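There are structures below to look over.
The two complexes that follow have subunit A in common; it is paired with subunit B in the first and with subunit C in the second.
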Partner chain A sequence: MIYLDHAAATPILPAVIEALHNAQSEHFANASAAHGLGRKQLKEVENCRQIFSKILKANDEDQLIFTASATESNNLLIKGLELSAGDRVLYCQADHPSLEMPVRSLEKSGVIAEKIELDQLGQVDLNQLAERLDSSVKLLVLGHVNNLSGCIQPVAQVGQLLSELAPGAHFHLDAVQSFGKIELASSYDSLSLSSHKIGGPKGAALLHLKKEIRLTPLLDGGGQEGGLRSSTLAYPLIKGFSLAAEQILEGQVSCYEKVSLLNGYLREQLQKSHRSLQIPFEQAQTSPYVLMFIVPGISSDVILRHLGEKEIYLSSSSACSSKIKAKNPVFSALGLPEKYHKNVLRLSLSGGTTEAELELFLEEWRRLIADIGYLFKA
Partner chain B sequence: MIYLDHAAATPILPAVIEALHNAQSEHFANASAAHGLGRKQLKEVENCRQIFSKILKANDEDQLIFTASATESNNLLIKGLELSAGDRVLYCQADHPSLEMPVRSLEKSGVIAEKIELDQLGQVDLNQLAERLDSSVKLLVLGHVNNLSGCIQPVAQVGQLLSELAPGAHFHLDAVQSFGKIELASSYDSLSLSSHKIGGPKGAALLHLKKEIRLTPLLDGGGQEGGLRSSTLAYPLIKGFSLAAEQILEGQVSCYEKVSLLNGYLREQLQKSHRSLQIPFEQAQTSPYVLMFIVPGISSDVILRHLGEKEIYLSSSSACSSKIKAKNPVFSALGLPEKYHKNVLRLSLSGGTTEAELELFLEEWRRLIADIGYLFKA
Partner chain C sequence: MTMENYNTILLNVDELWLKGKNRPLYYKAAKRHVKEVVKLLHTAPFQIKNDNQRLVLSSQENFCGELIPALQRIPGLFSIAPVRPVAANLEDICRAAISETEALVTRPTSFKVFTKRIDKRFPHDSMEVSRQVGGALLEKIEQLRVDVHHPELKVQIKITPEWAYVGIREFKGVGGLPFAMTGNLVTLLSGGFDSPVASYQMAKRGCRQSFVFFYAYPFVGEDVKEKIIKMSRVLASYQRESKLYVIPFGEIQKAIAKTCREEYRTILFRKLMVDAANLLADKIGADALLSGDALGQVSSQTIGNISLIDQISKRPVFRPLLGNNKAEIIALSRRIGTHDISVIPHDDACSLFAPKHPIIKPDKNYWDLYNKQNQFCDALSDALSNAEVFSFNALGK
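So, the complex of A and B:
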């Protein structure tokens, strides 16, 4: 099997699998229980929180809240701020639906949701953003790396503009596709991370709240996580998540170099495979872990099926929008002409992706193009 | 180690640990991905849903939504109904905070939250309930088995009263402490289940929606779970949860008989251990899996510490209210005089609890009473 869909979900790292197995076998108590087993487990959870605290250079007054998904982290932040009618919230075109949809859900209470467009490089249009910013903007949400295009957003510049033109606004950053892959951003007020994108288990995520911000919880109950996220703490998942975070950060620099070379090589070879193949975003603006390309005239579904038969797995869109079949609004937002929306493919790599795997993929790819390349339309 | 706190969290069943290990090692794809690995995983998730569908005798139009915790299931239902100002919601005194707190959170939008009291047997006061019911009641939430007292609520009678006196009201039942232990209730509109109370992993739960009810989701995003709970599906947890459900139901009848005998024996021996020891609720009204008792004059914390040193783990209150130190409103609601609030202990058993374990506990208990029994106050 050659798995090239790491932006959707990653295999769990071997050390993390072991840690999960150990925690799930041995450490079953409830971390809120008053007895020794419970207290021990709570201490372990706090150790995990400490790991993230160091990684994120959190201050003492910061809050690090473990949740079950980055979608939950994003919803908790966006809905938990309890914005008022007339408040403006900016979100970015083509970002993950767990950013856009919660913002749009606020519209029913009179909050004004405004979309910021992308420029030709797939990045936030900073001029448009500057024009939109004033004191009525209470929140801006942004994905650090776009899950489909791989485009890296100019987070520092966005943060700078916000502090100049809308200093009261909250800046929420979704770092799901960037954490452990490219340099950590710092100019945010809150940040979402996800475990299963970095070699950890599904069902664990984090919300880092930088300032002393009051949020209204989505989940009321036993008062865990400082009252911000009631639910029995899922210690095994939290343990696996924090271990994965440590490991991915340890290898970040070397993996970045390796994956950049692989990305460059893939671009070159794909481009060579057929003159009509298009790669809409330059390597300079994108994370090397994501590579989007277009095969005009050939259905991406057909390609996925062909490659799937050879146990090669890539993606035609994000997992979270895989059901959209016709015109894809995210592709429109990324500036891709509608006639190509059914011809988009995404390769997403991990630090563990090898050159040999890519050679096997390319071999199969060339064979496929030799077979059906005549279908290409310029 | 002798673990007698199964109402807080259970050890994961051996077969479930193996299934988790297998799923976490092998099945890492995103169930929303369009490729073969994703589709296979989604099919597996649907198989798990089918298991619950059969168990709960769900109809085709029912919705079974996987969540991360029963707290989330309860919040999703209670908040998702989007009740209006003036609507009345009834909740039950002494129920788990994940039922009461979400209901209370609705008060800020003008919903009227009303507490139903318990009678001397620790059960819903049906006369009081009947008096309160009319067409302005839109929701009643109830825990099937109280997590502290073990008292079983008369669900069928509550359902009957509702259908007669408030036929438009939604009946939400929290079956976290009853599922797989006592007979399944059926007269509900929605039901919450939790994985880690039945030998499954933490981080998985279910909401069964019986009628075609429109809920507003707490988590907006990729649209998973029919749009009601966006987030990447945590397949390994869902798999472990459904396997645990099958296993606990398979053994339910025989375990019930065994645990009933153990409970009776424990009651007898505890009562014998000191004449001042009190057992506030009769076995006839309670689940045999939970046994609450009172040691007047002796701090439950001291006892927990003593027993903890011998690796015997029980509880003084629920894990979700373990931080409450003085007057405990849940104990008041259960009719326990305030002078005993620091003297409450809870034993909670599982189908795997053995007589030998209880003998070791009782041996240690008698030794403890011999040492500090003089502290008892009548």
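So, the complex of A and C:
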């Protein structure tokens, strides 16, 4: 099997599996219980929180809330701010639906949702953004690395523009695809992270709230996580998540170098494989972990199934929206012509991806082109 | 429909009067199909008798509501009427007609009585029975009047030596000829509107059909197969028993596309599908193929292309929709229950391979040469032996 869909989910790290196993079998108590076992577990959860606090260079007044998914973190933040009718919220349509959909849901209460445009490089058009900013903008949500294109957003510049032109606005950053892979951003007011993209288990995520931001919780109940996320603390998942975070950061620099080389090689070889193949975004503006390319004329599903038969797995669009046929608004936002929307493929790598794996992939890829390449249409 | 308290159903047969000496065989076939359907929906014992050109289905227990629509799909049945059997005397007939009418939730305002006196020894003639029953209804039920032209309520009375049957509802069947009486077909199914409607047309003509789908995986996804299975369930509900053969065809399409002139792709796919269907027909003993072609609808359905296919097919290819317009086909698909499945979007391998300008008037020399130089016998028999087979009962389950 050759797995090249790490941006959707990546295998759990061996050390994390072991930690999960231990935590699941031994730490069964409820962390909110008053007895010794419960207290011990709560302490363990706080240790995990400390790990993230250190990683994210959080201040004492910051809040770090464990949730079950980055989708939940994004929803908690966007809906929890309780914006008022007439407030403007900026979002990018190319981002993950867990950013766009909660923003759009605010429209019911009179909030004005506005799309941010991207430039040809797939990055936020800063000039245009500057024109849009004023004190009526209360929130801007953005994905640090786009999950489909891999484009890295100029977070620092966006943050600066916000503080200059819309000082009261809240800047929420989704760092799901960037955490542990590229340099951490700092100019945000809140940030979401997800465990299963970095070698941790599914079902754990984090929301980092800087300063004393008041949120209305999505869930009412036992009042865990400072009242912001009522639910029994999933200690084993949190433990696995924090361990994965430590490990991925430890290897971040060396993996980045390695994956950059692999990405460059892949680009070169893919481009060579067929003259009609297109790679819409340059390596310089993208995360080396994500590589989007277009095979004109053949539905990407057809390619996925052919490769799937050889146990090679990649993705045709974000796994959460891959059922969409024909026109895809996310691809439109990325500036891809509509005629290519069914032809988009995404390779996503991890620090563990090897050159040998890519060679095997490329071998099958060339064989596939020899087989059905005549169906490609420029 | 509610079937409260009905344990007797009259099944009027269609066209069987045409069949002369073969008539008993046709009755037997219709009866067998009915039996199969009733068995699947009715757990208590039941019987089916021939009774003067019709079948009488009866049981000690009342039948369920699902039975009527299932019976409506049995080829050879003209109509289905739940009835009340009563002693053959005027008094009981009138009483039954009144109680049936009174039981209706929405009271009709106009009615007409239809009487058939099969037992000519019955002391009153048909006119007299209708008059008497009509009089009783007018007397008992308020605001009811006779309308001989457009009655809201039709009260049907059939008088046999044994019983008089009183009924106020009659449901139309698909009519035609009973299952498997006219021959065996291999039906080429695609995901569209046409082939399912063609299948229905020939089901009505008493053909036993085996469905075949050419599955171009990995050029199409598994959702297409799911769609075809769903479609086959509907079509199978017009047959006593059915099989669907899903034949892997991706490799063959790929091989054709690689070796032929681009404009010939579609017609050659067509040829290979017909070849494969004939091979299957050899295996299962079918007499002809069935396809949903409508003349000129797409390029593979020109007279030139159709005649090319007919020249290579070992068996006749039935095309019951040749003369139909698309709108007519779609309207019929709504009626027979296939429309909502046909509209489900699906990948189509043929459109992936579709040439820019498909051949409309094929060059016979090229065609012959290609087919001589490119034999797909082994690939076809491989594909056939790797076919997935699905079986369906008379309810399409």
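In the analysis below, the second predicted complex is superposed on the first by the 378 of 378 C-alpha atoms of A that agree within 3 Å, B and C clash if a C-alpha of one lies under 4 Å from a C-alpha of the other, contacts with A are read in each partner's own complex, and residues count from 1 in each chain.
Here is the rule we use: a residue touches a chain if its C-beta (ideal position, glycine included) is under 8 Å from a C-beta of that chain, and two chains touch if they have at least 3 such contacts.
Because the structure is predicted, anything quoted here is derived from the model rather than measured.
S.K.: Which of the two partners, first being subunit B and second being subunit C, lies in contact with A:G226: first, second, both, or neither?
M.R.: neither
S.K.: Between subunit B and subunit C, whom does A:G308 touch in the aligned arrangement: first, second, both, or neither?
M.R.: both
S.K.: Quick one: name whichever of subunit B and subunit C touches more residues of subunit A.
M.R.: Ranking subunit B and subunit C by residues of subunit A touched puts B first.
S.K.: Between subunit B (first) and subunit C (second), which does A:G264 come into contact with in this model arrangement: first, second, both, or neither?
M.R.: The answer is neither, since A:G264 touches no partner chain.
S.K.: Under the stated touch criterion, which partner chain does A:L375 make contact with: subunit B (first), subunit C (second), both, or neither?
M.R.: second
S.K.: Can A:G168 be said to touch subunit B (first), subunit C (second), both, or neither?
M.R.: neither
S.K.: Would you sort A:S299 into first (subunit B), second (subunit C), both or neither based on which partner it touches?
M.R.: A:S299 contacts subunit C only, not subunit B.
S.K.: Enumerate the residues of subunit A that count as touching subunit B in its complex and touching subunit C in the other.
M.R.: The answer is residues 301, 308 of subunit A.
S.K.: Which subunit C residues qualify as touching subunit A in the complex?
M.R.: 217-221, 254, 257-258, 345, 347, 352-353
S.K.: Residue numbers of subunit A touching subunit C in their complex, please.
M.R.: 298-299, 301-302, 305-306, 308-309, 325, 371-372, 374-375
S.K.: In the complex, go through subunit B and note every residue touching subunit A.
M.R.: It comes out as residues 3, 5, 8-12, 17, 20-21, 24-25, 28-38, 68-69, 71-72, 74-75, 79, 96-98, 101-102, 104-105, 194, 196, 201-204, 218-224, 230-237, 301, 304, 308, 311, 313-323.
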